[in-house]
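As C-alpha cells, here come the structures.
Paired with subunit B in one complex and with subunit C in the other, subunit A is shared by the two complexes that follow.
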Partner chain A sequence: MDGAGSTVAVHAARPDLLAFATRHRATLAAVAVLVFPALLPFKAVAADVLVYGLFALGFNLVYGYLGLLSFGHAALFGGGAYACGIVFTRFGVPWWAAVGAGVAGGAVIAAVIGALAIRTRGIYFAMVTLALAQCVYYAAYEAEGWTGGENGLRGVDVSAITLGPWHVDFVNPLTRVYVIAAFVVVALFAVSRVLASPFGAAMEAVRENEARARACGFDVRATRWLAFVLSGAVCGLAGALHALTIGIVPVETLTYTTSGLVVMMTLLGGMGTYFGPFIGAAVFLLLENLVSLWTVHWQLVVGLAFIACVLFFPRGVWGTLLAGLRR
Partner chain B sequence: MTGDAILRAEGITCRFGRFTALRDVSASFPRGALTAVIGPNGAGKSTFFNILSGSIPPTEGRVVYEGRDLARTPQHRYARLGIAKSFQITTVFPSLSVAECVRVACQALVSRYDIWRPRARLTALDDEAAALLDTVGLWDKRARPAGLLAHGEQRALEIAMALAARPRLLLLDEPTAGMSPEETRAMMQLILRLARERTVVLVEHKMKLVMGISDRVLVLHHGEVLAEGTPADIRGDATVRRVYLGQRDAA
Partner chain C sequence: MAGLTPDLLAMQVFAGLALGAVYVLMALGMSLLFGMLTVVNFAHGAFYMLGAYGAVALLGYGGNFWVCLFFIPLAVGLVGMAVERVLIRPLYGRGIDYPLLLTFGLAYVIVELVRIGFGTEDLPFDTPAALTGAVNIGIGYFPLYRLFVIAVTGVVLVGLWLFLERTSYGLIIRAGARDPQIVRILGIDVGRVWLVVFGIGTGLAALAGLLAAPLQGASPDMGDSILAIAFVVTVVGGMGSLLGAVLAGLLVGVVVSLTSLVAPEAAQVAVFVLMAVVLLVRPQGFFGRAGLMS
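Entry: the complex of A and B
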C-alpha cells in the first residue's frame, strides 16, 4: 500500500508480502473500511472516520503525491457538502443525485481555486489557497438564502433510501455507516486507479522535480490543475457524505480549522502513502473521542500527541509502519 | 554556415536588471555536428544555454529551431519538438527508482493525462527504458532510488531521461561538472557516441575536454562571442589563448 506505485522491476527487491499489499492496496483498504465499523462501539465515530478519512485521502492527492501544501481544502469539502445539501433541500433531487452534485461541486470549486493557485508554490500556494477558501467561507456566510448563513443549511434529512428493490433505513446508525462505506470503497478504488495511471506518474514527476518534469514534456501547470480538480472531486464526495450523515451543513465546515484538520490527519497518518491519511483520520478521531471522555482538555492532549508524532515519527503512523516493514 | 543549421540564435541579448549577461550573441548550430560552447566561469554559457533550451526568455533576439521561431513555444513542448537537455545542476526524480525515472520520461511522449488505464500496461515503455539504461550503463542500478546514486551516475541518469524524448537536438550544460577523472572520461565517451546519431550542443568551461571531440567550438567571454570555428581554429586563436591563460583550468 505504498506511495510510489512504480511498476518497473522495483518490487522484486521488496519483501513479497509488501509487494502483494501494494498490488492489492485498494482491496485491502476496502476490507479495512468495511470491517472496522462493525468492531467500533460508537457508530457515529465510525461515520466520521469514513468521511474524514476520505477527505484526507483526497487532500493527500495534492499534498503527498503532487507535493503542494493546500490550506484551503475546507472549500472543497464544504463546497461538496453545500452542493449536496442545496440541491437536496432546494430542488428535491434524490439523495444519490445530491451526492453526485457534491462531487461536482468539489471539483468545480477546485477547478477555480486551482486555476488561480497553481502558479505559486510553497508557502505562497498555502497562503493563496487559504485566502481563496476564506472567500468561499464569506460567500456562504452571506448567501443566506441559499446556504442558511451562520445557522447552517438545515434539513438534509434522508430517513430511508431506496436502491432498486431494497429499502434501507438510513436512520439506523449501522446501516448508515455502511451506505457511506460503500461510497468510500468506490472512491478508494478510483483513487488507487488514478495513482497507478500514467497521470499518477506525471504527478510524481512534477512533485519530484519540476524543471525535469517540464523538460521531459509534462505541462506542470496542467498536471497540477488536473490533480487539484481530482482532489476536489474526492473531497467534495467526502463533504456530501458528511452532510448526509449529520443532516445539516454547518457553516463551520468551510472555516480554516477544517483545512487545518485535514493537514493534521494526513501528517499523522503519513503523507504520500495510499492508506496513511485514512489511518491518520481514524487515529485522530478515536483519540479525540477517548480523551474527551475523561478530560475536557482533550484538545491539549490531542495536540501534544500530534506534536510528538511529527517530531518522532515524521512519516506518520502508517508511513513509519511501512518503512519498518520494508527494512 | 547558416546552410543547414538545426538551431540558430539571432542577436541574443539577456539582461538581469542592469547587468548584461549576454550581448548580441548570434550563432548557428549545424545539423549532425557536435558544437561546444566554451568560456571561462561567468562568461554567460548557462544563460545562453537556458535561452537556447527555452528555460528563460531572451531580453532581445530570437531562437530559431528547424526554421521555427521558438519565442511562443512553452517549455514543455520542446521535448515533443525533439529538443532535450540536461542542466548544469542535476535534475532527476530522487525518490523514484532509476528505472521508473526513465520510464516516466519515456511516458511523457505518449501519455500525460490518462487517469484511468494502468501505467503498467504500457509495457513498450519498460523496454524503451531498459534500452536507455543500457546505453548509459545504469541497468545494474535500475532498482535503486535515483537520489541514492553517486553524482556521476545521476548525471548519466539525467542524460538517459533526456534521451527518452528521442531528441534530434541534445543540449548539455557541463555534463561533467563535479565528476572524477574516470567518470569524466566515461561521460565524454558517451557524448561522443550520442553525437553520432544527433546534433549535440555541449556547454563546458574546460577547453581541453571538448577540443578532441567537437566539430565546432563557440567561445563566449563576458557575454559576447569571442571566437567561433573548428577546434584547430580556436586553438590557434590568440585572443582565446589570452582569455584562457589567466584561468586555472586553462590547460
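Entry: the complex of A and C
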C-alpha cells in the first residue's frame, strides 16, 4: 500500500505479499476505510477520521510526493467547506452539487495560492502558503454576508441523501459515515491512479532532483502547480464532507492551526506513503479523544507526542512499519 | 474622503511605526535564527507570548515594569537556549523541515503550559505609570507609551548592530553564518555560537511580546496572529537580512495603520496583499539573496 515503495525494488522476506499489497493499494485501503467505522464505538470519531484522513491524503500529494511543505492547506480544506456550505445554504442547490462545488472551491483556491507559492521553495514555500492562507482566513472573517463571519456558516443541514432511486438517511450516524466513506473510496482510487500515472512519476522526479527533472524535459513549474491544484481538489472534497457532517462551517476551519493539524497527521502516519496519512489521522484523532477524556489539556500531550515523533520517528507510524517489513 | 488631512495621515504613519517596531523585533529574531541556523522558528509566537506572561508573573511577585524589561528577555532567552541545546541540536543536518516541524509542536506545548499556569482568559496589562498620557510631537498628541516602544526598538537595533559589527564575538557570528565549516576549522566552537544566537532570537521575541502587552493585554494565543505577520515581514524583507527585517517591519506597520484608517476590515488582508505583490515582483524580498532558497 506504499506509494514511494512502488518505484523502489522491494527486497523483503515476503516480497510477494508486499508487491501484492503495493499493486492493490487502493483496493486494500478502500477495504480498510469501509471496515474500520464498524469497529469504532464512536461514529462521530469515525466520520472525523475519514474526513481528516482524506484531507491528509490530499496534503500528502504536495508534502510527501512533491516534497513541498505547505502550511496553508487550511485554506483549501476550509475553502472547500465554505464553497459547499455557501452554495447549499444561499442557492439551495442539491447536496451532490454542493459537494462538487466544494471540490471546485478547493481547486480554485489552490490554483491561486499555488500560482503565487510555487515561485518559491523550501522554507519560503511554507511561509508563503501560510501567509496566503491567513489572507483567506481574514477575508472569510470579514465577509460576514457570505460566510457568517466569526459565528461560522450555519445551516448546512442535510437530512437525507437522494440520488435517483436511492434514498439514504443522513441523520443516522452509521449511514452517514458510510456515505462519507463512499466518497473517500472514490478519492482513494483516483489518487492511486494519479500516483501510478506518468504524472505521478513526474511529481516524484521533481521532488528527488529538480535540475535533473528539468533536464529530462519536465516542466517543473507546471508539474508543481498541477499537483497543488489536485491536492486542493482532494482537500476541498474533504472540507465539503466535513461541512456536511457537522452541519456548520466554523471560521476556525481556516486558521493556521488546521494547516498545522494536517502536517502533524501526515508526519505522524508517514509522509510520502500512500496510506500513511490516513493512519496518522486515525492515530491523532483517537489520541486526542482518549487524552481529552482524561485532561482538557490534550494539546500538551499531542504537542509532546509530535515533538517525539519529529525527533525519533521521522518516518511516522506507517512509514516505520513499512520500513520494518522491507528489511 | 473628508477629514483626511496631512496631519492625520502623518499621525497614522507614526502610529504605524510604533506597530511596526514590534514587528521589527519579531522579524529580527526570526531572521537571525534563519540566517545563522537555517531554523524557521514556528515557536517564535509562543516565545513572544512567553514574554508577556513572564512579565505578568514577575509583576505579580512585586517586580516593576523596568525590572521586567531587563530580566524577561534574558530569562526567555535562557529558555530558548535550553530548547536549542536539547531539542533543536539533534536536528541540524537533517533537512530544513525538521526544526520547523519541531518548533511547531513546541509552540503547542508552550501555549498549553501557559494555559495551565495562567488560565485561558485574556489578562489585562497596565501601561506603566510613568509612560501613560500623550505628548505633543509637533503634528499632534501621540501616546507616550508608543513613543517608548519606538525608542526601545531603536536602542535595541543600535545595540544589536554594534554587537554584530563592532565586537569580535559578532564577527564570529557573522562568519559562522557565512561558512560554519571554516569557522570550525579555525578552532571555534560553532555550537556555542548557535546557542547564543538562539538565545538572542528568542529574547527579542520575548521583548516584543512584553512591549506589546500594555497595548493589547496578554492571552495564550496572542502569538498566533503575530507569527503570521512576522513571516510576512521576513519574506518581504528577505530571509536572513536584518536590514530587510527592519525596513519591512516598519513598512508593514505603516500599511496596517493606513489601511485601518480608510478600511479597518481590510487591514489584515492588506498585509498579505503586500506580500503577494512583493513576491511577484521580487521573489527574494527586498534584501534577500536571489536564489538563496532555490
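Please note the rule applied: the second predicted complex is superposed on the first by the 317 of 327 C-alpha atoms of A that agree within 3 Å, B and C clash if a C-alpha of one lies under 4 Å from a C-alpha of the other, contacts with A are read in each partner's own complex, and residues count from 1 in each chain.
Operating definition for what follows: contacts are C-beta pairs under 8 Å (C-beta built on N, C-alpha and C of every residue); 3 or more make two chains touch, one makes a residue touch a chain.
Model, not experiment: these values are computed from the prediction.
Enquirer: So, does A:189 touch the first partner subunit B, the second partner subunit C, both, or neither?
Expert: Neither: A:189 stays clear of subunit B and subunit C.
Enquirer: Based on the superposed arrangement, let me know which partner A:123 touches: subunit B (first), subunit C (second), both, or neither?
Expert: The second partner, subunit C, only.
Enquirer: Using the touch definition from the top, say if A:306 reaches subunit B (first), subunit C (second), both or neither.
Expert: In the superposition, A:306 touches subunit C alone.
Enquirer: Quick check on the superposed pair: does A:131 touch subunit B, subunit C, both, or neither? Answer first, second, both or neither.
Expert: After superposing on A, A:131 lies in contact with subunit C but is clear of subunit B.
Enquirer: Quick check on the superposed pair: does A:36 touch subunit B, subunit C, both, or neither? Answer first, second, both or neither.
Expert: The answer is neither, since A:36 touches no partner chain.
Enquirer: Counting only touches as set out at the top, which of subunit B and subunit C does A:146 meet: first, second, both, neither?
Expert: Touch status of A:146: no partner.
Enquirer: Contact-wise, after the overlay, does A:198 reach subunit B, subunit C, both or neither (first, second, both, neither)?
Expert: first
Enquirer: Show me the subunit A residues, by the header's touch rule, that subunit B contacts in one structure and subunit C contacts in the other.
Expert: In the superposed arrangement, which is not itself an observed complex, subunit A uses no residue for both subunit B and subunit C.
Enquirer: Which positions of subunit A touch subunit C when the two form their complex?
Expert: It comes out as residues 69, 116, 119-124, 126-128, 130-132, 134-135, 138-139, 142, 255-257, 260, 263-264, 267, 297, 299-300, 302-304, 306-307, 309-311, 314.
Enquirer: In their complex, what parts of subunit C are in touch with subunit A?
Expert: It is residues 34, 38, 40, 87, 90-91, 94, 96-98, 100-102, 104-109, 111-113, 115-116, 224, 227-228, 231-232, 234-235, 239, 265-266, 268-269, 272-273, 275-276, 279-280, 283, 293-294 of subunit C that touch subunit A.
Enquirer: Inside the complex, what are the residues of subunit A that reach subunit B?
Expert: Touching subunit B: residues 4, 6-10, 12-13, 193-194, 196-202, 204-205, 208-209, 211-220, 222-223, 226, 230 of subunit A.
Enquirer: Flag every residue of subunit B that touches subunit A in the complex, lowest number first.
Expert: 53, 55, 74-80, 84-85, 87, 91-97, 99-100, 103-105, 107-109, 111-120, 122, 126, 129, 142-143, 158, 161-162, 164-165
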